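The structures considered in this document are given below.
Heads up, the next two complexes both have subunit A, just with different partners, subunit B and then subunit C.
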Partner chain A sequence: MKRFRVWLLCSSLCLLLTGCWSAQELTDITLAKALAIDKDGEDYKVTIQVLNPGEIAGDQLSTRATISTYSASGRSIFEAIRKLTKSSPRKVHLSHLQLVVYGEETAKEGIGKTLDFLIRDHEVRTDFTIAIAKGLSGDALISILTPLEKIPADKVRSSVESSEDFWAPTKEVKLDELIESISSNGKEAILTGVYLVGSPDEGTKMENTEYSDSPAQIYLDDIGVFRGDKLQGWLNEKESKGFNYITDNVTNTIGWVDCNDGGTISVEVFQSNTNMQGSVVNGEPSIKIDIKIKANIGDVECSLDLSKPKTIQDVQKKLEQKTINIAEASISAAQEYRSDIFGFGNAIRRSNPKKWEQIKDNWNTIYPDLNVDVQAQVEIKKSGMITQPIYEKIERKTEKEE
Partner chain B sequence: MIKRRQKIKQKKDQVFKENISTDYQQHLFKDLETNRSHLLKILGNSSDIIIREFQLGKIHSTKAIIIFMDGLVDKETVQHYLLNPLIDNVRGIELDESLQDAATLYQLIKYSITTAELSEIDHFKKLLEHLLTGDTVLLIDGINQGFAVGSKGASERNVETPTTQQVVRGPKDSFTENLNVNTALIRKRIKDPNLWLESFTYGRKTQTTVTIAYIHGIVNPDIVKEVKSRLEKIDIDSILESGYVEELIQDETYTPFPTIINSERPDAISAGLLEGRVAIIVDGTPFVLLVPSFFIDFFQSSEDYYQRSDIASLIRMLRFFAFFLALLTPSTYIALTTFHQEMIPTTLLVSLAAQREGIPFPALVEALIMEITFELLREAGIRLPNPVGSTISIVGALVLGQAAVDAGIVSATMVIVVSLTAISSFIFPNYNLAISVRMLRFGFMGLAATLGLFGIFIGLLLMALHLTSLRSFGIPYLSPFAPFNSADQQDAIIRLPRWKQTTRPRLMSQRNIKREKMKKPQPPNNS
Partner chain C sequence: MTEKLDGKQFTVLVIMNTLGASIIFIPSIATNYGKENGWITLIFSTILGVFIILLYNQIIKKLNGKEFFSTIDILFGKWLGAIIIMLLTCYIFINTFANLWAISDFISLQILMGTPFEVISLIIALTVLIAIRYGIEVIGRTAQLFFPFTMLCALLLTLLVIKDADFSNITPIFQLNKSATIVGTLPIVSVTFLELVILLAITDNVNNIQSARKGFLVGGFTSGLILLVITLACITVLGVQGTANYAYPIYALGQRISIFDFVERVEIIVAFIWFFTIFIKLCVSFYVFTNGISHLLKLKNYKTLSVPLALFIFLASILSVPNTFASFAFINGAYIVLSVTAGLILPLIILGVLLIKKRVF
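Then we have the complex of A and B:
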């Protein structure tokens, strides 16, 4: 028993031999919030946006910038990141990374090689947003200071999130999704674009945040289409929205149609379900898309008698037609890029795996001419707090006065 | 050389001991004066001995003395029930020739004394025992025997409200330093002939009475036997508090966890007895021990049984939560900020980083500074006189904490961490466990600083192993969790309503399991 105790004591002393292995005090690390990857000749140029905590949450705020950026180039991403310690005063801690931005040029050349490090490194989480700096290099974009959100990476991320939730033509893509669609056969990748309005130089100064309307502002753009790991081009807003309808990624958005007499009527889509069905008819693959939308009337800017079921039915018909238009526009744009961003290939594989095995190698040639049938059903649930449009009353009053 | 000295010393000790023991063993002398001088010699002429000399009878008077210790006796009793009858009655009877013989006189005196307790003594040892516990000794010239008259009446503290284990609802009396009062407080609650008390005397110098109490028929006789056999092994010169006994009879010495619970609440002790435990009452202290006791007991307050069961259960869960908070808050803080930054939400991490920006010390040192400061304050707060005590805690908690943050020595979060720990550690109904937690906390902080959360888990694992290895009077310390006993869960983390708690704890009372037959209260049937 005594020997056992001595043995236990000695072995517990071994714990101390680890000597605080991998311990790092908060004051020895710097938190990276955004990472930009650009091509620099053969090398990769990595830029990180790190936080200056004292300026964000400190007791006494000075006018120093809330973030700093550091860049380094290397043959691989990993090398470049370690090289950052040459310029950064502390070790860069990547676990709180929120945003990874590729420059548009880099994206066109291919992003495949950069992904391995991001998913392999234990410190990096996979829940960051990935975007493309449209018409700009990545490092320029993450150097922009933003008002309201003290941390620019948070600003980009939260606007991607909220715009996906309430506007629809954007999509937040995370690492696992990106890797899956880049590496799998029946689906191509997409990434949201981010662009800058104003001069990049202005944006890096703290002054940028002192205006109510900042001279340099970051905007979200529409969806960038990939084939393999290379950026092919961009969808416009309508096509991007169509993409989200087809991929069943709409949680909430606004749609409008023309009234008969010239004004518009807008609805808030609060539920949208899409069913995508692949099939092979007479040896020809085809896709059937069925979009079911539930919406509320949100804004009537023409005279309509909403108390009549017929009117509602008319509006529903128009909305259905418009949805189909949007979806078809999106499909034909993607077909032009020869990029199956919707996962039509997957749909066909699911319905007819044998046929898919035969056509999978020729998919690139089959896809642009694929027959896609889009159906839409719109159901209007509520008409808001009032039934009859205000517009009608105003119209009548103006007529009388005249 | 040293050995020789030791030998000489040993010899001296022996001589001293022998002298004393022979002095004690001495039978009372016939001659009163010899008795008196022998007694005074033993007691070293102590100034608190009071000897009153008087005459018995009118004509053929006999000398007699009463001896008592000043302050230990109730002088009223001595006067009214001892001196009065002796002097008045015995003097009233004309001592004739026939009464001259010792035996008759002895009988006469014996029947004249009107106190409740009276015992005969013949040895100095016995005499001293009585004298020193507050009895009055009567010695008569010419008789080699004496009387000890029960006259204990030392000034005592009254039964007051408990100071360490307070409740909002529940009885407000607490034990005192007087053993008889304490046993009476228990007896008053359990009016059962099966409540048995047994007294023993320990402490060669202090001669302290230790009484064990149990309810015959409920208690497991093996436990009583075990308690007695452990008590018998006590050979110590003094017992001044029940802590002495606790330390000498506990199962495991090398443990930070208390395996014997103490209470100054008669209701808590009575409840323990009714569960089949054994109470150990030590004269001279209001803290009564209860064995066997388990880990779970330290989370239970007697108030749990006076409140509604749902509230009591929630509060118990809160105590468990507080246990882990008190144990692990500083170590978790250290582990997360130095090893696992990815586990802290970004916004919080940024604000932590901003606070730590100007702090010159690593998180462990920062935590140690604050924890040690807090321990200092806590100790000082207990020792200082009451009015000063509250000042110190204000100065300590408010001024020092704020100043330390302002001076950039510790971060504001650390002050929150320490305060949370402090508050949580005060939540336990029993002070003992709070001390264990205090101690272990520092160990966990060390583990967290070297190995992070991994270290904390190693620590928790070791703690769990240790806890399962503990026994309290042979019964697993972690029962009813390990070994798991589903029936006893009725009163562990949750307390079921009274009508569902129909059995006593299994492991303690194996004989009298059924506690009560009570049905769920039903509203009267109005139909």
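Then we have the complex of A and C:
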């Protein structure tokens, strides 16, 4: 009995080893930060951007690149990723993925087949940002080295986040949202475009990060419009902004209107609420959009007497008209692509489910001629640190001298 | 029987038994049937569940503190009684190994990816074995001890994702898919409230019949409410398509938690909810299972057979389920029939006979 107890005690020590089951040491894996998916004939070409940990957090930094990229092709995404081990020295770990980039050509051919792996695999978390490399292949884009942020994937991701928050014409799209809009009726998908200024070859060298004004830089712009899983085209900056106004995705942005004397007045929008209401009138579906904006005066580059309530009202009117123009431009661009990126179909489904059941199969033909009524209300709240414009006094002085 | 549970412990056991296993599947099942009305399916299920519990409460009242299995023997006679008990224990057996499979599958899929399924399953089966050998009173107390943690995790999960909720996801409210919304209550009730029939066998351990009946109702209603809130959270945050796509939507919900980009990757709190609830559920079902078998074989002590039965359950869990897809087909098909038979038809017969044989009793 005593021997049995000793034996039991010894074997119970094995329980302490359970944490070592399938343990992976940090030195045996590489962390992929970005993943690019391109079409290579029938195959998919997958490129990963992996960290070079010694260059990011080491004691002595050399001039070696902070990241490396590896590519492999395979009939499916999963096969291609496993094939990466042929070129990458260690096993690739996808759990820290920050960014997934599709080449523009690939996006035009359709991205639907690539999504299953991304959501099914347990190693991939679904909180990465997805973007399209505009006018470029995905692998070229993620090979670019960036200054400031040592890891290019982080740079793109934080740019997307901050520009959505402060500038508005971009939108961060995560996997869940993309799949929801690609696979359900009544709303089409969009993805933010990322493009490169400068030569792609220059950008892959470490020298690129040594200039204050790097020869190759990554920019964010424009929203890519999908129909189904295929990229149809791009909304320009103004239309992209309109898209964000309509989908109530503006947290902070600026807008300007002309004064009467050729200068401009700019306002900072700090609150924007949009209400989208679908309705069916005489059997015809229509959409009513109501945008409510609160803004502060940010920059007056003309002579205006802001102390008069009438002036403020005029500026508000102009801003309202401009917002309506932006939104309408965006709608007509999307209607031209025959892609319901705003979710108008969903709005009609919500307000009149029975009618939607009848028209949902013909939605593609109804949508381009859909009647959309845009209303805007702008309220100007604060004047900034000063009340009257500086330029007015400057102008008066120059007039006197003349 | 010297072991006693109080009313509170019984309530906790009811909640744990309803939530165990189901909490992680239900948002997905409900959304697959009812689409944006998935949460309404849960309201129907809870109402139906309350009626089922009222039926069970009638049985508890008539049993009046007597042991469930021996009462069946008295009511139906030696042979018919044995057949009914055998049917019930078979149902409990399927239930137990299916739940063991479910928790092991979840852990090996989401948390310990490299560890073989068999190892996880064996360790859980052994833990359950140890637990039931301590008796139902210890299980009840353990449940009571873990209950606040479980509820805290569930509360945290819902509160932390509420900022991502988009309530347009649940509109139009109950306009489309009406019939599917109602049909969806069937599989949901069969994995939640109908399984509570197992608890009938431990009601004789509750020190006060009145508090057992009250606990049954309160526990059932509370867990229905929790399931409703979780499903609502899944649909509003993940979207209809998202909830239906995931095998474990509530885990995906946990992955969405992000506070100031700082508190992130805390989805394991979801796993806590599941570990606690399903462990207690496994303990109770296995306890009742061993009791049923011992009763059939006229053994004095249920512990005698507990070790071989635990191994039996472990083997069943690794051999009976070919793959995940088969398990979903089972939940949405054969299991409904099993649950309705064991959880509704058998209790109805038992209650009927109890009412007729009132004088004999």
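One rule holds for everything that comes next: the second predicted complex is superposed on the first by the 383 of 402 C-alpha atoms of A that agree within 3 Å, B and C clash if a C-alpha of one lies under 4 Å from a C-alpha of the other, contacts with A are read in each partner's own complex, and residues count from 1 in each chain.
Heads up, the rule we're going with is that a contact is a pair of C-beta atoms (placed from the backbone, for glycine too) under 8 Å apart; a residue touches a chain by one contact, two chains touch by 3 or more.
Since we're looking at a predicted model, the values are computed, not measured.
A.B. asks: Check subunit A with both subunit B and subunit C modelled on it and let me know: fit or clash.
C.D. replies: They fit: once the shared chain is superposed, the two partners occupy separate space.
A.B. asks: Have a look at where A:27 lands relative to subunit B and subunit C in the superposition and call it first, second, both or neither.
C.D. replies: First partner only.
A.B. asks: Is A:125 touching the first partner subunit B, the second partner subunit C, both, or neither of them?
C.D. replies: Once the two structures are laid over each other on A, A:125 reaches both partners.
A.B. asks: Could you look at A:180 and tell me whether it touches subunit B, subunit C, both or neither (first, second, both, neither)?
C.D. replies: After superposition on chain A, A:180 lies in contact with subunit C alone.
A.B. asks: I'd like to know which partner A:93 touches here: subunit B for first, subunit C for second, both or neither.
C.D. replies: first
A.B. asks: Would you sort A:57 into first (subunit B), second (subunit C), both or neither based on which partner it touches?
C.D. replies: A:57: touches subunit B, not subunit C.
A.B. asks: Name the contact category of A:357: first (subunit B only), second (subunit C only), both, or neither.
C.D. replies: So A:357 only meets subunit C here.
A.B. asks: Please work out whether A:349 is in contact with subunit B alone, subunit C alone, both, or neither, and reply first, second, both or neither.
C.D. replies: second
A.B. asks: Draw lines from the C-alpha centre of subunit A to the C-alpha centres of subunit B and subunit C: what angle do they form, to the nearest 10°?
C.D. replies: 50
A.B. asks: Between subunit B and subunit C, once the two complexes are placed on the common chain, what is the minimum CA to CA distance in Å?
C.D. replies: Least C-alpha distance: 6 Å.
A.B. asks: Considering each complex separately, which residues of subunit A are in contact with subunit B in the first and with subunit C in the second?
C.D. replies: Residues 18, 21-22, 123, 125 of subunit A touch both subunit B and subunit C.
A.B. asks: Report the residues of subunit A in contact with subunit C in the complex, numbered from low to high.
C.D. replies: Subunit A reaches subunit C through residues 18, 21-22, 119, 122-123, 125-127, 176-177, 179-180, 183-184, 346, 349-351, 353-354, 357.
A.B. asks: For the complex, give me every residue of subunit A touching subunit B.
C.D. replies: Counting only subunit A, the residues touching subunit B are 15-16, 18-27, 29, 31, 33, 51, 53-54, 56-58, 93, 95-96, 98, 123, 125, 151.
A.B. asks: Write out the stretch or stretches of subunit B touching subunit A in their complex.
C.D. replies: For this pair, the touching residues of subunit B are 337-339, 341-342, 346, 349-357, 359, 362-363, 447, 449-452, 455, 458.
A.B. asks: In the complex formed with subunit A, which residues of subunit C make contact?
C.D. replies: 109-110, 112-115, 119, 168, 171-172, 175-176, 238-242, 245, 252, 255-256, 258, 264-265
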